[in-house]
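One chain, chain A, appears in both complexes that follow, with chain B as partner in the first and chain C in the second.
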Partner chain A sequence: MEGMGRFIIRRLIGMVAVLFAISVMVFLIFNVIPNSDPAQRIGGKNADQALIDRINDEWGFNDPLPEQYVTMMKNVFTGDLVSYQNQRDVVDQIEKGIPVTFSLCIGAAILWMLTAIVFGYLSAIKAGQATDRALTILALIGISLPVFFLGEMLLYYVAFKLSLFPVGDYVKFTEDPLQWANHLILPWFTLAVLFIGFYSRLLRSNMLDVMDEDYVRTARAKGLPERQVRLKHVLRLSLIPIVTLFGLDFGAVIGGGAILTETVYNLPGVGQYAGQAVASLDLPPLIGVTLFGAFFIVLLNTLVDIVYAYLDPRIRLGTQAA
Partner chain B sequence: MTTPDGSRPEALLSVDDLKVRFSTEDGVVRAVEGVSFELRPGEILGIVGESGSGKSVTAQTMMGLTRSGNATIEGSVRFRGMDLVNASDEQLQGIRGREISMVFQDPMTSLNPVYRVGDQIVEAIQAHREIDDDEAKNRARELLESVGIPNAAKRVDDYPYQFSGGMRQRAMIAMALSLEPRILIADEPTTALDVTIQAQILALLQRLNQERDLAVILITHDLGVIAEVTDRVLVMYAGQIVEEGSLEEIFYDPQHPYTWGLMGSLTRLDQPPPDRLPNIAGAPPSLLAPPTGCRFRPRCPHAFEKCPEQPDLEVRLPQATGHADRCWLDPSDKKRLREVEGRIGLQAPPAPVGAGRGS
Partner chain C sequence: MATEPWTPRMPPAEAAPAGEPPMPIGGDVEAIEGKSPWYLAYLRLRRNKIALAFGALFIVIVLFCLAAPLWSRLVADTGPNQNHLTDQIEIGGKKTFVVEPNGIPIGPGLHSKFLLGADDNGRDVMVRLMYGGRTSIYIGVMAAIITTIFAVAVGLLAGYYRGWVDGVLSRTMDLIWAFPVLLLGIALGTALSVGGLKIGPLEVPADSLWIPILIIGFVYVPYMARPIRGEVLSLREKEFVEAAVAQGKGPIRIMFTELLPNLVSTIIVFFTLNIANNMLLESALSFLGAGVKPPNASWGTMIADGEDRLVTAPFLTIIPGLMIVLTVLALNVFGDGLRDALNPKAKLRMEAN
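Let's turn to the complex of A and B:
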């Protein structure tokens, strides 16, 4: 697989370029946003001009922008990046948030993929019937529900009124796996609903398209049981684009899509940290979480391309020829 | 069929008054309207007609492949005492591939792109026989060899995109033969292939027919293909069989004006090329509302007052037994009427007589 090696190297170079571009953009945007003066944040509300000047001097805020950028990126790589707001180490904070964010995102992803496949499959094979219509309506509701609304509703009615689940917060898996899951069920569901709706619709239409393919007729003409035709020929082929999309969405969810869910359920993950950083216009955490998010999006993108080659043998020739 | 005489070999497959209708948004499409024919053991039966004449629907209905919520299927398709029209899905699964196999028009899309060719053949074998993977794969390799795939031992692990069109059609045929069926339905098997490959595929079908006594239904719009390999021919038009007979009867003594038109549209190497290729004027009728009476009437230059009445498919020639057609014209007049510039053909388009005509 010589082609594959070259392909991966090419993607890694691309990844570095993308991350560089993103960091520059965030840095520049931050510097043109009004009211984002870092010295003001560090000095606090009652800081006098002398204090502000001293802070500007000490932190290098008077240096030219490229110089400031280089200093900041150096800090990112040495792990010395600290928040302007509270001087906490950014990398530490992100590391602390990772298990929470991963617990939330991986759980939700499993939930949304499994449910979407079942719903999409049922919808497709019962196309036009009552089951299909019911699932269509459900999917549209799911797609239309904003996370913050659904999250608050579930928290109020299911967690608070009915006391079926704890009201927010996070328990470490290593402490108590059962409580961990119990605390995460509502967030998982909240985060997954949108994707279940979207993916099941997509799978349904993919399957209906594939069902008309000549090779599906061939499979039937061979005398395969209908179930085998549907699973091995129709579903398998219909999943290829879904897997692609999943890779991208999963990267996006880890890289920031979970901000709302984490905030609503008070889960101390990377998303909540990002939310707080945005609220306080704190540049170092913003750079940190943006790079973190971008890294996962680009990484998953690359993984998707690799997995894609295995899912669809026709792609392999392309990578080898390239 | 109108001549049930006892002397013929017993039919392997008999289709009786098959009707297939599809309800669509625009109305009911009468794709097949009362098709009856028999397939005898070891024969190659050709079904010819233009696109939309119901050839493929007839063939696919025989295997239950047109079953769906919007399809209405009437009549019967009898195979070894079983009516395939009313058979359960499980019964049909047992028949498909094992007793009756099918090869489709477009080999480029008829194989699943993500599975190896060998595995797709193995899948067909294992759908009907309990044999282990290695044995099935060996069998797949043998089959590919037998249809003339070079280097089959290696090719068996290839994906369809690594095969050329002709090789894919061979692979499709190998797959169709994997369980030694009695009947092979080949639905335009050579249409998507170039002419040299077409000849190879036809030769292969003929060889299999002779070696294995395989009965073949060959569906095509290409009279050249029909002439090359078939024993008997059905000519279909607008969902009906308009003429049926042996290859010689259809080619040398065609009785239906539509068949004349088909013959007339052939270019012939033994005659000087015409200025303009003859065609049948007008377009095939919409199957949403086919013409009443003879369906070819709106396009037929020989239509007369009897034609609004529906002609049955029956033997109309004095001495014939198996040569039947749906045309009211007197058989004695036909010889004269079908003569166009020294060969069989359809005359110039009729004067406008009513609805249903094209340009």
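Let's turn to the complex of A and C:
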């Protein structure tokens, strides 16, 4: 592959720079910008003087800022990032939550892509008709619903009143795959609704634009059935920007977008861990989740870029702005 | 639609480059000749009855919230944060507890006080809803103003100067972009909730509404700055900028008198949709406890307060939740209509073309 090696190296160097910048920004957010004693903040509401002294020592808050930054990063990566409120190791807790968060996010992502493609496709081929209008209204309602409100309404009406699904909680896939899915159906749907609304509208407008292209007219002119023109020529090209966007959004959802859904449905994932840390003003878990969440997103984006460069030589050879 | 004297059938996307007023085709040219683009936009907006109806709905909601002190003083006779835990009110000649001894609050009903019931602390939900709406809408609008100011500044500077200025600003925007909005919001919200914020002369106490306003305003800057920068980059190549340079106008004057007026329609659309997003983020932050601080009411904190009572008093969640949905939906639909009217080439359309 011509230029592939150079592209990967260039991209990886860029990634390291971004990761460094992100860690500096997290450091600034938690330790520099706020207007209060950092040890007090990190210790939490019930920190006594002894604990504050210990934190000052462990985090080196009396050192100059660059040294503080190095100390913080050392704490994070040697597993010394500990919540001073419940004495639990932050990295351990995040690792425990990862399977739950992945179960939730992957399921929701499949649901939102499939539904959005069907809705967007229907909306585009029926543009201006009743189906299109109904789907447009649904999509607008979808992007206007606060996730936690939708979750609570589903919990109340579908899970509690109608007893169709269990009220929250999580069952491990390895214990009982059926119960695992049964417990996750409402959360999957809740997390997916916003994206279904957004993606289906985007696909619709992409398809309407593509339908005017010359090659679509050519496909029709050479006598392809309309259905084949729509599926093989219009839909396929319209999906490219959607797939790009999907890469970004999927990373963002895993990296910190599932906080509300996990909190409402009591799913013990990374998001709920972050949500509980907010409620008790416990900063070390938030430092960990923010840092690793942003890291994950950058890693995933780099991976997506490399796959794209592999598929499309224009990107890796720099003839097109990537 | 066909009965109109001219039907603004939108030209295909590649027909007109950015910054030029759209030319309706296929209609009577004289009907639009000599009319300003703003007037044409107004005509297009006027035809979009759905968007207008939702715009009116938003105004009604704002008026409803502005009337909070009136309702509070004249009808409910209580403030938004006043507890009535042990009070009794008369309903149909019978004395009823505002909050039952078992902790279940009174529900909505046609009694002048507690029209929408009471919450766990015996606070009047109707009064709290109106005051909470003021908070939520205020935060949404103020944060949108902050986002707009920063995004326009970044977009103009990066797009006009290009080179290293663009490099630095764009990389900074990318960096903020790398964080999920909600995660960045709770990180800032929690970090600032102890001592507040102090940057130079700017000092904001921790329980001030300005903390969530500044946070929400900040996290959405890249989402608006990017498209504005793109538009400035293409406007900058236009002859009128060249003419302004030849006239000896300085960069600042060119940005404000030549470029900014061409960005106004984009800014208006983004501003409207931004308020909707801000209100959603505010409610999410407040729900988690990193936004508006209790006892102050916002629609997000009201839902958080009602969470524990979801089964016994679901109206505590449903009422503020529906208000958020209605307001955000109104802004989204109206903003969409604005976009269609101001920039018919825009990607997302409410009406079919």
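Here, the second predicted complex is superposed on the first by the 263 of 322 C-alpha atoms of A that agree within 3 Å, B and C clash if a C-alpha of one lies under 4 Å from a C-alpha of the other, contacts with A are read in each partner's own complex, and residues count from 1 in each chain.
Everything below uses one rule, namely that a contact is a pair of C-beta atoms (placed from the backbone, for glycine too) under 8 Å apart; a residue touches a chain by one contact, two chains touch by 3 or more.
The structure displayed is predicted, hence computed values, not measured ones.
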Between chain B and chain C, more extensive residue contact with chain A: C
Partner chain in contact with A:Pro64 - chain B first, chain C second, else both or neither: neither
Touching partner for A:Phe149 - first (chain B), second (chain C), both, neither: second
First, second, both or neither for A:Gly128, with chain B first and chain C second: both
Chain B versus chain C as contact partner of A:Gly5, first or second or both or neither: neither
Contacts of A:Pro34 with chain B and chain C, given as first, second, both or neither: second
Contacts of A:Leu311 with chain B and chain C, given as first, second, both or neither: first
First, second, both or neither for A:Leu260, with chain B first and chain C second: second
Partner chain in contact with A:Pro225 - chain B first, chain C second, else both or neither: first
Shared chain A contacts, counted only where both chain B and chain C touch the same residue: 128
Chain A-facing residues of chain B, complex: 60, 63, 65, 69, 89, 92-98, 101-102, 104, 106, 109-114, 123-124, 127-128, 159, 161, 172, 175
Residues of chain A touching chain B in the complex: 128, 213-215, 217-226, 228, 232-233, 236-237, 240, 311-314, 317
Partner chain A, residues of chain C touching it in the complex: 12-13, 171, 174-175, 178-180, 182-184, 186-199, 203, 276, 280, 283-284, 287-290, 300, 303, 307, 310-311, 314, 317-318, 321, 324-325, 328-329, 332-333, 336, 347-353
Of chain A, residues touching chain C in the complex: 18, 21-22, 25-26, 29-30, 33-37, 40-41, 127-129, 132, 136, 140-141, 143-149, 152-153, 155-156, 160, 201-202, 205, 208-209, 212, 252-253, 255-257, 259-260, 263, 274-275, 277-279, 281, 283, 286, 289-290, 293-294, 297-298
